[in-house]
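What follows is a set of structures to go through.
Okay, so subunit A shows up in both of these, paired with subunit B first and subunit C after.
Moving on to the complex of A and B:
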């Protein structure tokens, strides 16, 4: 019961933030020195008449607040404007490109979680022995190395030198095997993984390192908890203590961090898609910026912020669901 | 924690022994000195800062702000160094030379040359200038902005707090790299450079600092001495500036140090995409962008700048971690 209400409450709470984001991006795009028409013409000479015609066409002759309201009205109905550079609807462009980015970000998370949690637990258990030191050094490298450079190094080693893995583009699992000329789903799946492996590691390393550090610290703290001492005093086997008593509590901060780090991962996808030539949202954003396609830039910024906010809401709900102490904000 | 755990009797029962409480700057400094992690971080930071200072003194500041190059640098007189930006005359350019340990390498270009024939070692050394100064300047900007917002929000509470925190949440909702790119490109009217990047990065990091300062202020605000100051009729502004901010600064310093690493990371990404430092300015991210097209023919071009970025950021991370351990007694055991 409470959970449903909490979910609704959190979603409603996210709305003002998203409105704020729309105001911010709109203001950046419209109040700044490079005015849209000049950006559109990109240095080409144009007479006053042409400029006015373009202004009228895109409604730029109206006052700023009216333009914003028009834009917002469109947003609510799913109309994110028109990309003048590509002559296509922004919403359509984004839907076509969002898949690869989601695939990349989610697989990076799977990689990060699958490696960081076991490693963090082992490091906490064997605190201050060689394994712990090595894993901490790995984590230090992970948080200190730019993801795009990891990507470049992975390409140099595994694609250029060894020739084991492809260095660009993804194979989409949602397309049929025939489109790629694969025989059967087995090979299709194999190719999907092969293409995904390098970008996934490049994007996931930072997440892995951060999560590993948190997991280690949390497990150490959790193992020092009174309840663990009590369980030990009762003679509960160490394995059960690890699995049931220490582990669960230690995962709560991980959930929060997974949500918050989505911000870094979404930003990082711009870089990784650039390095690996992946036709996702990040790449589209880069192209839109280069072309100064401001409606498209606003649209992508909105979508990425929305993805982040929704991600945080989901992790908040997961947190509330898992942690029995949370009372879904019903203080009354 | 782990590496420098040599202190005797660190841990569970300091209170019983009647030892001085673990506060104050002197204690922190002592702990940092004892902490191997923090010490190594300091060495790396010191090394990188020394290089940066040298390049600032030797070249000129205009490199950072306007992308212009200086006519002359003292470094040219030294062995292994050349002018970091000037292109060699077309006839004598030795392009894409491998580094010295390679069979075709020569000692005159220890790290090889770039596709334009410039000495890569010089460019790597001068590349520190943009990365480090932008990293520190942008973090400082975020710190100042965040402190102002967080202190006011936390001290006044009520609708001021609500309004400011909503604004902070909004900025926070856009991933930093995206926000910085959008800001830099739009505000510069389509021709981004380092100056806009500094402001953009600073703006993007206001939320994180604002949140930390606010929560610190909330806990300091209820202290007796603040109450006393208020009762004595001290103005709000003075209470915030003289009492609240100084007393909530320690955790912020840790965060700022770690944040410099994050800032350098982001600025490198920005330059890598072409929205930060512009050629011919030597900058690690920008060099990685250029070398991206030469990945198959000259591998080294992609390796050196990345290593430089990694070592620099690692310095700040090591120091930040050590500082955190020194200031946070919770995890000692």
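Moving on to the complex of A and C:
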């Protein structure tokens, strides 16, 4: 089976998972205390008849499984329902807010991978050296410190004390420079990076710390492999062994962790968006929960679940691409 | 015999500096390998065979270190120490640098085949790519030529459809096939010497036979010399020209293969031969060597084999024998490190035999002095 077919196959496999998620969230949203009709009326007094009329209008008098089917029917057509609080379509709300979150999460991963892999390799190479000990302490700090606290500290130091970097909001690269009054793409890009730097580090530190430790362990193990001994015995320079022979084998678990930690990163982005005042999906989600905006909660949950599933599928494909031992789901 | 040997090892000592103390894994061994020869390095697990063979390539891993001796290969000094002006040992000036050993010796001149074919190949690269990489590194061939050479070598070692197999990954090969790949790898670099570290130990017996036949044929064809590390006397008999028997870091007997088998001079070698399963003997007739080999961290006094030796006498606890020539055969010396031979002349015949105690705890008569 080729890589393309494998990808399709994995995506098709994800459909039942998403259906499961939708059933679960739908049920949970319906079990939460609070009555949507009363919320819609926003405290106005209404007689029983009005309530029943509204219920009938929105199909709330139907049994739950029928309501679910109606919802899913809309969902496959791209209709995620209507948020009464915001008087806007859920799909539109999400589309407007998903960009900043994706930008934040992806850049946090870029930051985490770009730092953790070299640092992990150096730590593995200089095992039990001072560098290794320092990296261990940094990793312990990164794993055990909540990201929002790191975010607040970064703001205090780099925005408040030093005044080097902005403390809030993002500059969206997909908006034109004129919107911000920037002088051309050079400055626009510079501002994008400047605004992204602190939230990216705040969200990425946990990932970096975890990945760095895994990278170190994997490299140490890989460097002790027989194939590394063989490469040495055939005169392969140590640098090539590090970069090629030991490296590629050591990356397999990293890929798995990146995929699985996607949920942590998406969850963490909710807090980071608050700390850095970013108008992302996370904040929208929080507000939806506080306001009991069922349609919006459902919509965002489905989107996050989809992103996670896609992340896992990408992980699997990357794994199959790097590790030849992974067969593309063929029965042998 | 008259010509300069390909490889000469003199008084090589490799030690591991561990927290528990210094492990004298290789403790002063000397041997030679001539052109076109297969020289065996035989002994039980822990005798120091693998460490000795890795020392030849200066690939001893931390905390191990070569501390003494001289390794000469084709007239070049792979390892050599001399005394500095202040009495300190320092590396000799003519000793090859790390870079020279890596670039000119490893692979080009001396290649290796490891014990475990399952682990020796990198799982994420194609088999062909790995052979090709080593060829490109060690021979003056372009990428295309190296690929052709790799395919030819795969065919040479008996891998069917080498063009297709070239593109496959190690997990698609069986154990025996992988060992063939490793042999192809070694030969493809056109070295003069191949160190084979227990290359058939991890294989089925039938496959082992095929591999040995293959190596025998290819050795004749290419004229490559081999250092064959093994614990299996049966393999030694099949393939080796001359044999070095190791016990606790020392070579205790050294002889051409027939001599070693038919005119054994050391009790340890004798014991090894007797413990070998043979079709003409039943399990009950097997005579395993008593006890286990002691740790190289605190070797017994005197002859290191004396606590397990059936011929041990009091003198064996005191005198540590260096290997001496006790016989000659085919122009080669037959060396043994056992004081029962007359050349040692330390009074073995007059010495009282040691009481054999299973646990070796009871005091032995006349043997209090230890050193």
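The criterion applied here is as follows: the second predicted complex is superposed on the first by the 318 of 332 C-alpha atoms of A that agree within 3 Å, B and C clash if a C-alpha of one lies under 4 Å from a C-alpha of the other, contacts with A are read in each partner's own complex, and residues count from 1 in each chain.
Throughout what follows, a contact is a pair of C-beta atoms (placed from the backbone, for glycine too) under 8 Å apart; a residue touches a chain by one contact, two chains touch by 3 or more.
Just so it is clear, the model here is predicted, and its values are computed rather than measured.
Superposition model on subunit A: subunit B and subunit C are shown accommodated side by side without a clash. By the document's definition of touching, of the two partners only subunit C reaches A:235; subunit B does not. After overlaying the two complexes on the shared chain, residue contacts for A:295 are found with neither subunit B nor subunit C.
Touch criterion not met for A:101: it reaches neither subunit B nor subunit C. Shared-chain residue A:205: touches no atom of subunit B or subunit C. Of the two partner chains, neither subunit B nor subunit C is touched by A:218.
Of the two partner chains placed by superposition, A:115 touches none, neither subunit B nor subunit C.
Using C-alpha centres, the superposed arrangement gives subunit A a vertex angle toward subunit B and subunit C of 80 degrees, stated as a multiple of 10.
In the overlay built on the shared chain, the residue A:132 is in contact with subunit B alone; subunit C does not reach it.
When the two complexes are overlaid on their common chain A, residue A:309 makes contact with subunit B while staying clear of subunit C.
Comparing subunit C and subunit B on the residues of subunit A they touch gives the larger count to B. Taking all C-alpha atoms of subunit B against all those of subunit C in the superposed arrangement, the shortest distance found is 5 Å.
Residues 225-227, 229-237, 245, 248-249, 322-325 of subunit A are the ones that touch subunit C when the two sit in their complex.
Against subunit A, in their complex, subunit B makes its touches with residues 2-3, 5, 166-167, 169-179, 181-183, 185-190, 261, 265-266, 268-269, 272-273, 275, 285, 288, 292, 295-296, 299, 302-303, 305-306, 309-310, 313-314, 317-318, 321, 330-331, 333. On the side of subunit A, the complex with subunit B involves touching residues 16-18, 20-21, 23-25, 28-29, 32-34, 38-39, 42, 127-128, 132-133, 136, 140-141, 143-149, 152-153, 155-156, 160, 217, 220-221, 224, 263-264, 266-268, 270-271, 274-275, 285-286, 289, 292, 294, 297, 300-301, 304-305, 308-309.
Looking at the complex, you find that subunit C touches subunit A at residues 57, 59, 102-103, 105-108, 111-112, 114, 116, 119-126, 133-134, 137-138, 169, 171, 182, 185, 189.
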